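First chain written, first letter: the chains are A, B, C and D, and each begins at residue 1.
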Amino acid sequence: MNTDILELVKAKQEQLVNCRRDLHKHAETAWTEFRTASIVAETLTRLGYQVAVGEEVIDAEVMMGVPSPQELINQQERAIAQGADPNWVGRMQGGKTGVMGVLHFVQPGPVVAFRFDMDANEVVEATLAEHRPWRDGFASVNAGAMHACGHDGHTAIGLTLAEILAEVKNELAGTVKLIFQPAEEGVRGAKAMVARGIVDDVDFFVGLHLGIGLQQKGTMTCNTVGFLATTKLDAVYTGVPAHAGAAPETGHNALLAAATAALNLHAISRHSQGASRINVGVLQAGTGRNVIPDKAVLKLETRGTTSEINDYMYQRALRILAAAAAMYEVKLDLSPMGGAANCDNNPILVRRLRQVAEKSNLFASILPAGNIGGSEDCTYFMERVQQQGGQAAYLMIGTELAAGHHDSRFDFDEESLVSATALLGQAAVELLRKQ
Amino acid sequence: MNTDILELVKAKQEQLVNCRRDLHKHAETAWTEFRTASIVAETLTRLGYQVAVGEEVIDAEVMMGVPSPQELINQQERAIAQGADPNWVGRMQGGKTGVMGVLHFVQPGPVVAFRFDMDANEVVEATLAEHRPWRDGFASVNAGAMHACGHDGHTAIGLTLAEILAEVKNELAGTVKLIFQPAEEGVRGAKAMVARGIVDDVDFFVGLHLGIGLQQKGTMTCNTVGFLATTKLDAVYTGVPAHAGAAPETGHNALLAAATAALNLHAISRHSQGASRINVGVLQAGTGRNVIPDKAVLKLETRGTTSEINDYMYQRALRILAAAAAMYEVKLDLSPMGGAANCDNNPILVRRLRQVAEKSNLFASILPAGNIGGSEDCTYFMERVQQQGGQAAYLMIGTELAAGHHDSRFDFDEESLVSATALLGQAAVELLRKQ
Amino acid sequence: MNTDILELVKAKQEQLVNCRRDLHKHAETAWTEFRTASIVAETLTRLGYQVAVGEEVIDAEVMMGVPSPQELINQQERAIAQGADPNWVGRMQGGKTGVMGVLHFVQPGPVVAFRFDMDANEVVEATLAEHRPWRDGFASVNAGAMHACGHDGHTAIGLTLAEILAEVKNELAGTVKLIFQPAEEGVRGAKAMVARGIVDDVDFFVGLHLGIGLQQKGTMTCNTVGFLATTKLDAVYTGVPAHAGAAPETGHNALLAAATAALNLHAISRHSQGASRINVGVLQAGTGRNVIPDKAVLKLETRGTTSEINDYMYQRALRILAAAAAMYEVKLDLSPMGGAANCDNNPILVRRLRQVAEKSNLFASILPAGNIGGSEDCTYFMERVQQQGGQAAYLMIGTELAAGHHDSRFDFDEESLVSATALLGQAAVELLRKQ
Amino acid sequence: MNTDILELVKAKQEQLVNCRRDLHKHAETAWTEFRTASIVAETLTRLGYQVAVGEEVIDAEVMMGVPSPQELINQQERAIAQGADPNWVGRMQGGKTGVMGVLHFVQPGPVVAFRFDMDANEVVEATLAEHRPWRDGFASVNAGAMHACGHDGHTAIGLTLAEILAEVKNELAGTVKLIFQPAEEGVRGAKAMVARGIVDDVDFFVGLHLGIGLQQKGTMTCNTVGFLATTKLDAVYTGVPAHAGAAPETGHNALLAAATAALNLHAISRHSQGASRINVGVLQAGTGRNVIPDKAVLKLETRGTTSEINDYMYQRALRILAAAAAMYEVKLDLSPMGGAANCDNNPILVRRLRQVAEKSNLFASILPAGNIGGSEDCTYFMERVQQQGGQAAYLMIGTELAAGHHDSRFDFDEESLVSATALLGQAAVELLRKQ
């Protein structure tokens, strides 16, 4: 049956590429994927999937790094102006742009989930002749938003997979869940979907990424490693302003609280059990030269090669941030802005997927492991599935890049869309095969 | 003759008030006083003064805190659109908006200078019924610029004084210099005029301010004390960015350099000989949460009750700023943004002016001294005059205020314009009297 | 009667000088003045004074900066070996080396107190031919203890005054209290005596110092100003040690807590109402190069030209010290080590004393005021007396010095002992005169 | 011939143990191993080795962490009093307590070196019945010096090996160098011996340690890994003292320089290529509470899993230390106090030694690798040998311990002395076998 899947995908190759290019042109950043998510919801509905969106798949309390209410309203209007269905958009208010399509097959069987992320980067896309999206007219029309990490490709793969599985549904058993996640950039979105319980019944979970650690055509791995656990945090100090010449003693200096915090945060002791990181990436404090600063904002992140190490860094950071506030008698407000776990793939699932990949003849080189070298909040899904007794794996599909991820000239080889979709289709057939 | 001067002023009272209100309506901030300065230059020329503007009275190398070239061009255009003479504006390019009018009397005698500042504040003027300028239609039409410190009144006084002195010129001996200074706010402008040598030949120098330490009608002092010496400085650190997760060791962290500098700047030891101050009022660093910050800006100021103490603070600050750069191997760029000296009035001149004030019967209460409680770059003029053997004094003329200086609802009692102008006129007659 | 007092003093001049030299030779530092205090107690008893010592005049809970129990025992033994009466020493255990002698005169009248400090400095006395105490054989025999501030003179003055007043007691009315205070160095002793209530009934209180601000023979002032309020504090951080290579994350770093505290303490904002000071004079932290330091000691002090300013500094310091502990999750132990208030003399008492001084003809120059330029815990007595409705003044008696206070070559002109004693005797007669 | 070697060792077992116990009893810390080194020199001479000591094997300029001259003289006298030959001690003045014995065999062949460290720890040895050295009367008689790391055993092994090789010299070819190094604790001694060039001609170099990573009897490895490169450094800041109340502005604060340095040192960015460490283990600053501190001492160390990472840490540390000095205008004096490299064993030599170990039947478990988990300056020898084209390996010989290394109750199983000596003897035979 594998050959059939590849044939089905090839028949849709043009549609697959067009879909990717349409999404690329209408790039939408985290929590504002109103048009993308509407298209996904509409397509899944048309294909016969049960579709859940908005509050059904997103726990608003757990959303991190959400734009301002006004910005969200502006983006809803923008999306509608770009063709989004107002009904779907209405169900996604507040940035709840997640979508899940569920297809129950006739025979009972396992629950298999595939996850795709949909959001673009806050990057101004290059306007250069050698940049294909610009040259061929599908560069982003949304200023400051660009698909510079391939999530347009991921979403197109997911929608094509949805179509394939609908076509072969009579040959399958069990249930498939296709999860379309917002806000992977900044690792902000997965936690809110996991919190809704949507993967609590999943037996096999598969995530994937194009490129990243594998930037050669024809390579792939079913065993992605090196996920860095991370926490993103904003800290705001609010003190008391005062005239710096006339009455400095009446001020409570938020700038010095932030400066002390920054220094001591970077001085958190190394951890003997693995690599750790901390970075205060932004510090903005004060209003005028002659005013004791009453406001300071810090944007920071911690990382660790294990969730334990990241948690060590994060707990120490919280302690330092709070103590710096106490030191200067200023108020501290904390906003979690993102997070991801460390996670290992289940070896048995890795082996099954690898056999699918080998049989597929789609890849010249199947690597035993590949390092993602960063953070991915797909790990929250994986962690939850594993906690509930299921298995999870994260694939990387090699592709040649025009420029690195997050670069304004980023682009990938669209042939990889076909092989990635076919592989996922074959994997679904393997995992959901009728007995 | 004193009575005469008062009569002359009273005859021009309406014109004096109208002038002040016109300037108020077209408020112009530091180094962009193109319209104000053009009116001053034009008026002085019409009255028979020798007029020097632009490079003739401003040393471009010593200008501090100048807006960007583009902003200056925008402001020139704005001024011309608001009626400024393009010829005068053309001579003030680059923000060189200082003006001096010189009148030589027939008989030889001393050189007497009066100094008036012309610039408005970066304040958005109140739009409230109880705010007279708004109610009476002379609130600022220039967004973000407002005369909230009375310099509109100072300029109107100066122009009326110019007219009075031209009228009585035959009764006077020596030379009068009327100096109209830009950019007193932020103490940025005086130094560049002093550097041009325009007060090097001055025997008697008089500065003044409405309100400030004297907020009661009918009060005044010829002996203003408490000038704080100050230096304003911007420091920019430029490091090397790096990915905070993947290669933190390759970064040179400008944010930490700035944080270390801020802490250690505030820790500069107190001075046993008088009060000192330091404030880092603004710190802005970094671009993204996961990037080692390669840029940081500090806006700071030092102060001291004497120029020596301010200099002690400033020299230590420079040392700390440079060392923090060395510590993180980042580049440091410093921009002096303003400065003022401490200065004492000459007692003999104070006594002469006080006698003029007493004889004038214009003031119910003449105080032996009044505290300005802040910094004024008029001190640079005074210091230079004194270094060259001349005498200097700084007057405060009491006036009732609608709200404090720099407040968006600031306004003063326009009757004080008459008494201030008359006093200066009488002082000029006293100092320039034919023998 | 004034002449009589001077004659009485002159008759005891040799004894006065010998007493001072004996005390100088047996210098005793704070809280270990067992021999000195025993001699004082014995002498006062012999002269007919009611004598209170130990717990009667010292509140142990309020003693600050007390040596270790073992050190106190060693010092008691040393004192006895140097001739101290074991009975008196026994009543002063624990360092409670204060003494008060009270003499009630037959007629009722005011309560007048004179206060003398007795302790030496932790200074190794010079062994130089030009140093008179060494040359003449009365240099300190107690290593590391030296009377380098003249308290030996103060005590000798007090004992001679005691004798004079006993001799003229029939001519006096009211009560005299002669207070001999330990531990003025480090401003550690006065508070514990004040807490015992011994000056609560005092109508007139007089303190004095030789030299300090007046280093010319024949000068004096009854109006000493410039007392700096101060607080002395020891802070100890206790963390958790760890191997710096093998398990740094398990440590809680007391050294970094102390370093952060030190920096931020020095960065406490200046006060607009007067001069303030802070100094971390000592920081000792850590044990071995490769161990995360689990111990750090800070010795610090705050000062202010008013008690309010000192309190501002002290409260901010406490907040910073506590926050630095929280930041590194280390324990903080605080020990107050000394303190003094700011205090103004009562003008009426100053005037009365000044008249005594003028009548005495003992001084060539009586200054309206003199600056002590430092801290003195006599201010605690003065403050209490004033709070209870009494009057207080602090005299400075000029004397020529061989070297500055606290210098190992310090010595003063012993003729000043005579004039100081005579002045105090005459002042006592003035204040306690029979009606 | 292997059996023979083991027999030879067994015949000397009692002497071997006695030698170890004698050295244990007369424990000598770094650079004061005068008695130990004298015994080594004397024994090697007696056995026919060419013996080099003092300046011949130690470059005084490269010695790190040397005691004071007075302390060295005291220790020489102590050593002589404990039986050291004054002639040898005389040649080791200044702490140059290294010894090398060289034996040239008749036939030409490779140069093989074995290295043994001789110094004890700065530990007060336990005086407990369950502590065998104490119970059996060979606990250290030198207060504060204890063999708590087994170097007494290493030296005894080296001397017994010297005897064995002398006995079988006719069966060997080439040259053997037996290197006895002082001051391994604190990684202070190897560099000074390497700098003398004594291993520049070595073809095969073998180092060893008892215990450490292998604390089970019968285990061993020929492939010790995990050497942490490290640098030990003392930094002294010298500023200008000042009275903290009267003239704080005249001080240059060494304490704040040190505090700033400490914080920023700990904030050095992590390295992406491996683990790094930094620790300021000791900070001592200031003299008195009311004196601006003019002196501060920091004792610190850097580490890295590679020499490159350690060098990154060290270079950044130097930059920070210097900048903190500049910031407070204080002088900085740096003293390198120790160092070690990271080093990999040569696989070919490891394999040869492993075959010897297998053939010997002395070990139940020969591990492919063992982690030393710390720093060893033997790496300097190894690095140099490898740079010159030779091969190096470092063995660990398992032994049961009474308590951990550097613990006051440390002791090891003396049977391991036999197997270690026999193994080295057999290794020498393998490497120096006549062709």
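By our rule, a contact is a pair of C-beta atoms (placed from the backbone, for glycine too) under 8 Å apart; a residue touches a chain by one contact, two chains touch by 3 or more.
Because the structure is predicted, anything quoted here is derived from the model rather than measured.
A count of C-beta contacts for the chain pairs A-D and A-B puts A-B on top. Comparing the CA-atom centres of all chains against that of chain B, the greatest distance is found for D. Chain geometry summary: the mean Cα position of chain A and that of chain D are 52 Å apart. One inter-chain figure worth recording: chain A and chain C are separated by 70 Å, centre to centre, where each centre is the mean of the chain's CA atoms. Our note on geometry: chain A versus chain B, Cα centroid distance of 54 Å, whole angstroms.
Residue positions 246, 248, 253, 256, 260, 263-264, 266-267, 269-270, 272, 277, 292 of chain D are each in touch with at least two other chains. Residues of chain D that touch chain B in their complex: 246-249, 251, 253, 256, 260, 263-264, 267, 269-273, 292, 312, 319-320, 322-324, 326-327, 329. Per the touch definition, chain C reaches chain B in the complex via residues 263-264, 266-267, 269-270, 272, 275-277. Those residues of chain C that touch chain D in the shared complex are 186, 228, 230, 232, 244-246, 248, 253, 255-256, 258-260, 262-263, 266, 277, 279-293, 296, 299-301, 303, 337, 373-375.
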